[in-house]
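Presented sequentially are two complexes of chain A, the first with chain B as partner and the second with chain C.
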Partner chain A sequence: MEKRNLKGWLYLLPAIVFLGFFMVYPLIDVFIYSFEEGYNSASQTFFGVGTYNYSYVLRDPYFLQALKNTFILVIITVPLSTGLALLISAGLSSIKKVRNLFQTVYFLPYVTNTLAVGLVFMILFKQTDYTEGLVNLIINFFGGSSVDFIGGPYWAKMFVLCLYTIWVVMPFKILVLTSALASVNQDYYNAARIDGTSRMRIFTKITLPMISPTLFYLIITGFIGAFKAYSDAVALFGTELNAAEMNTIVGYIYDMLYGEGGGYPSYASAAAIILFAIVLTITVINLLISRKHVHY
Partner chain B sequence: MSNQKDFETIERNAKRRKTIRNIIVYAFLVIWAVLVLFPFYWMVLTSIKSYSAYNSEYIPQFFTLAPTFQNYIDAFTAVPLADYFLNTIIFTAATTAIMLIVTVLAAFAFSRLQFKGRDLVFTLFLALMMIPSELVVITNYVTITNWEMRNSFMGLILPSVTSVFYIYLLKENFAQIPDELYYAAKVDGTSDFKYLTKVMIPICKPTIVTITILKVIECWNSYVWPRLITDNENYYLVSNGIQYIRENGFGRENIPAMMAAVVVISVPLIVLFLIFRNKIMEGVSRGGTKG
Partner chain C sequence: MKVVLQNLTKKFPGRGKEKKDVIAVNNFNFEIPDGTLVGLLGPSGCGKSTTLNLLSGLQTPTEGKIFFGEDDVTHLPAENRGIGLVFQNYALYPHLTVEQNIMFPLQNLKGDKKLTKAAMQEKALEAAKMVQIDGLMDRKPAELSGGQQQRVAIARALVKMPNLLLLDEPLSNLDARLRLQTREEIRRIQRETGITTVFVTHDQEEAMSISDMIVVMKDGVINQIGKPQEVYDEPINLFVAKFLGTPSINVFTGKIAGGKLYIGEDAVMDVPNVSDRDVYVGIRPEGFVLSESGAFTCDLVGVEVMGRDISVISKNAASEGESIRSIISSENVVDTSKKTVRFDIKPNKLFVFDKETEERIEF
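After this line comes the complex of A and B, so read on.
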């Protein structure tokens, strides 16, 4: 028995070593960092213990800007992308021809490098000395005036960021929703059809309740994912996100850690824990709401 | 007679309504497909326009009659794109290989071996799945800096290896293999390790392939950790390379060359996707996290 115990642990050893060093220890450490005041990363010393890091972060205008940006991004992209994905998946499951082709095309953004394609979006929206950019030309064609979406007003930049975020997250949602729709038992639909139920009613009374667990799963993961937005913003506006007023909470954490304003792991830790607290709260609220509305 | 007529009218109306509905659905689906594909089209198109042609187009042309490959040559000569590529391949291959070894061994221990504390450790592993990487990246950054592994492959690879979710996925798959096989192998005097490599891994090959592909995609697109840990161009991965090119390379305005680099970076994963389409989509719907 002793030997068998040892053997089991031996097989687990690599995983435990990796997880211990790079997940468990950091998890404890980040809480400690966040309470160490005046931490100096060069000498690895600190003055005292307290909540100063939190109050500093919460008063930092850059953090507040990042907080605001992230919340706007979440509130706009999560409902829009989920709703749009639901429409597209419903459309997909009602057709037979070329369905596979559509599914393949829709999935493409998932396997592409966020930073690389973000550059294409930037070019489509950017106004330069040479050209207004394709999107602006379309706006001009319909009689509107040009807007610099990349270096211009706040709402224009936020619009592009939301658009790109939705473009990036759609493949996953469409894929999951399409397979959820396919798994709904056809008997329900047949029964409803015999009763002469209208399509709208079938959708709201059968389809939606049947896929509601998946829908809520997508909403929860969507919230979590959108709160962690970062590389989309970098792809569009470059690494100087504070200057572009387009920073996100995660961006703020990394900026505090490294880069132009970096070298403050304590502030970064405090911000990371604030982010974690926000995400946890939202997830719990989501779960409470879902318990009321989801039919398992 | 009039009954027959009514019936025909109703049938014709229903048919017409169905056609209209189909047209609307297809139109909607085509619009989204165009929105998805257009950035790809634009990136390939721009990459084969010559620099002077691109900059003289006030109104961008939707096609080009004089395609050029000069931009691709520029992308490989003006910036060390080939080096970024090589770095990414080394990083991806090493990370995925180590991840596979760690994952297979752990999944085997959890699913096949009996030992004290196994279930407790497994629960702890599951709990770790909920920890966002943003929370641990700070300490990892400090750890790697202290170990003086910044700007090294070790520093890039080590913290990227662990994936609790893949251990979970593989463990579930391993657990489906009937116990009888194991006892039969034991009677024949097969060692545990041999049973793992000769029986379990071949049986669960589809899942192993799936997690390999998912990890490759993850590695190829990773940006945040490499950005934190490398500031030496010799260790840039493609994501960082693209960002660097955008901010410094090609004299900022050479958009066609930039797009050529973007195409070169995107193609490997798109090819991988088209080959393993079903495996990837199935794997992602079971455990994708992006989005």
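After this line comes the complex of A and C, so read on.
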């Protein structure tokens, strides 16, 4: 028995070592850092242990700004992108002729580099010396006045960021949902039709419950992904996110580590743990809700 | 409600190189009398499920008409036909309980027909009682056995009191014992409710045992319609003769010459009014009578004792099948030490078919 156990552990060893070094150890380390006050990474020293890092971060206006931005981003983009993806994939499933073409078109943003998409958004929204940007030209055409989407008011910048995020995350959701919809047995729809079920009722009472596991997966990963947003903001507003009021939590953590005025691994760790706590809470809430509404 | 099919045809566009249309249902004409149980019978690919889909309205015919009673329903969408359909895989909604599944059709009712929740529950319970699953109302379909799922599916189809009940291979997903039990159940429910019922099957025994009328189909063409016993006793062609009956009919090549029917060299029967020609001869297993002086001689292979009867396995050069199976009463004694066995043939169990057309020749 002992010997067999040993063999088992031996098989697991490579994975355990790898995960231990690169996943578990850093996680524990971050947790420890977050409680070490005034940690200096060069000299490996700190003053004391306590919750000062947390209270600093939670009072840092940049962090609060990042927290607010991230929450707005999550609350707007997760439901909107999932809902839109559901609508589009339901539409895609009900057409037959050019379905493959549309599926490809909708999937293109997924294989496009984030920064390349960012560039396209610049053309759409950025005002330069030469042009107002495509969207402003359209606004002007209808008699509106130009809005500075990239360097202007907060709501305009947030609008572009949300639009960008939705645009980037939707293709994957459409892909997953289309295949989920296609895997629903046609007999259920036929049975419902014969019983005179309205299209709306078929959608809410049959289609939605049938694809609920997929939908739930997308919502959870959507939440987590949106909380971890960073590259999107950089693609649109550059690396000076604090100045642009467009920082996110992950952006704040990065700035605290490597950014200008950075070099505070303790604050970064505390912020990372706070982010972890938020994501964990949201995921647990999601799981609790899903027990009632997801049918496996 | 009686159902009438008039010149009903369904073609599917061909996919191969030749783009030849596939005719799944070819010019069907028949009437299903009110309150009867009709079995659509045929090998797979004969168009029986397509016929069912045309009746249900899930597919529309290429040509021809369907009447429910006096109403032309050919182009009426499925949801307005007021039919119940039990799918081969039952298609129970997995996320709903048995009760919710049965209530589902009732919840779709609108306007005057709309029911209160209590009324729906009462009706659902009534339907569940009819198929004896009223103790399982809170279960999910996954928690039921195949036979119970089948009953739920029937209850769901019955709950809105359809004027036509369609069953697609209702017994194919059940084990042998359950199949026997369920087919009697279907018969009982059909009798109790008096709902005109059409069911599809490839199992001739199933169709024979419970139908008032069977429709034997092959390659989209109706071969014969009639009461099960009539079709069995008077098959109009070789296909129908072969398709009905277990063990299946023994087929021989033979010829008619000078008013006598020959199988190989043996003249087995007088057929005075038929002109000379090559024929197929079909003899039902129960059509053989052991006789020392019998006209038909076969090489004895073996004997299987099955209690009530014995089945004699023999061979004959003229036989189309590998061996000949004849069923005789177990009171007979077969001397297995002999190499040959001789039979007399019961005239009403022997059918003669033209070799070219495979149509039955009366004599």
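By our rule, the second predicted complex is superposed on the first by the 278 of 296 C-alpha atoms of A that agree within 3 Å, B and C clash if a C-alpha of one lies under 4 Å from a C-alpha of the other, contacts with A are read in each partner's own complex, and residues count from 1 in each chain.
Please note the rule applied: a contact is a pair of C-beta atoms (placed from the backbone, for glycine too) under 8 Å apart; a residue touches a chain by one contact, two chains touch by 3 or more.
Everything quoted here is computed from the prediction, not taken from an experiment.
In this superposed model built on chain A, chain B and chain C occupy separate space and fit side by side. In the superposed model, A:274 lies in contact with neither chain B nor chain C. Looking at the shared chain after the overlay, A:195 reaches chain C, while chain B stays out of its contact range. Residue contacts after overlaying the shared chain place A:171 against chain B, while chain C stays out of touching range. Of the two partner chains, neither chain B nor chain C is touched by A:211. In the superposition on chain A, no contact is made by A:241 with either chain B or chain C. Between chain B and chain C, the partner in contact with more residues of chain A is B.
In the overlay built on the shared chain, the residue A:233 is in contact with neither chain B nor chain C. Looking at the shared chain after the overlay, A:185 reaches chain C, while chain B stays out of its contact range.
Contacts of A:161 after superposition: neither chain B nor chain C is touched.
No C-alpha atom of chain B lies closer than 7 Å to one of chain C in the superposed arrangement.
On chain A, the patch touched by chain B and the patch touched by chain C do not overlap at any residue. Touching chain A in their complex are the following residues of chain C: 56-58, 77-81, 83-85, 87, 89, 91, 93-95, 104-105, 107-109, 156, 160.
Chain A contributes residues 4-9, 11-12, 14-16, 18-19, 21-27, 29-30, 33, 41, 81, 87-88, 91-92, 94-95, 102-117, 119-121, 123-124, 128, 130-132, 134, 137, 167-173, 175-176, 179, 221-222, 224-225, 228, 230-231, 234, 238-239, 250, 253-254, 257-258, 265, 268-269, 272-273, 275-276, 279 to its touches with chain B in the complex.
Put simply, chain A touches chain C in their complex at residues 185, 187-188, 190-198, 201, 205-206, 209-210, 212, 295.
Residues of chain B that touch chain A in their complex: 22, 25-26, 28-29, 32-33, 35-37, 39-40, 42-43, 46, 55-60, 101-103, 105-106, 108-110, 113-116, 118, 121, 125, 128, 131-132, 134-143, 158-159, 161-162, 164, 167, 192, 217, 220-221, 223-224, 227-228, 238-239, 242-243, 246-247, 253, 255, 258-259, 262, 265-266, 269-270, 272-274, 277, 280-281, 284-285, 288-291.
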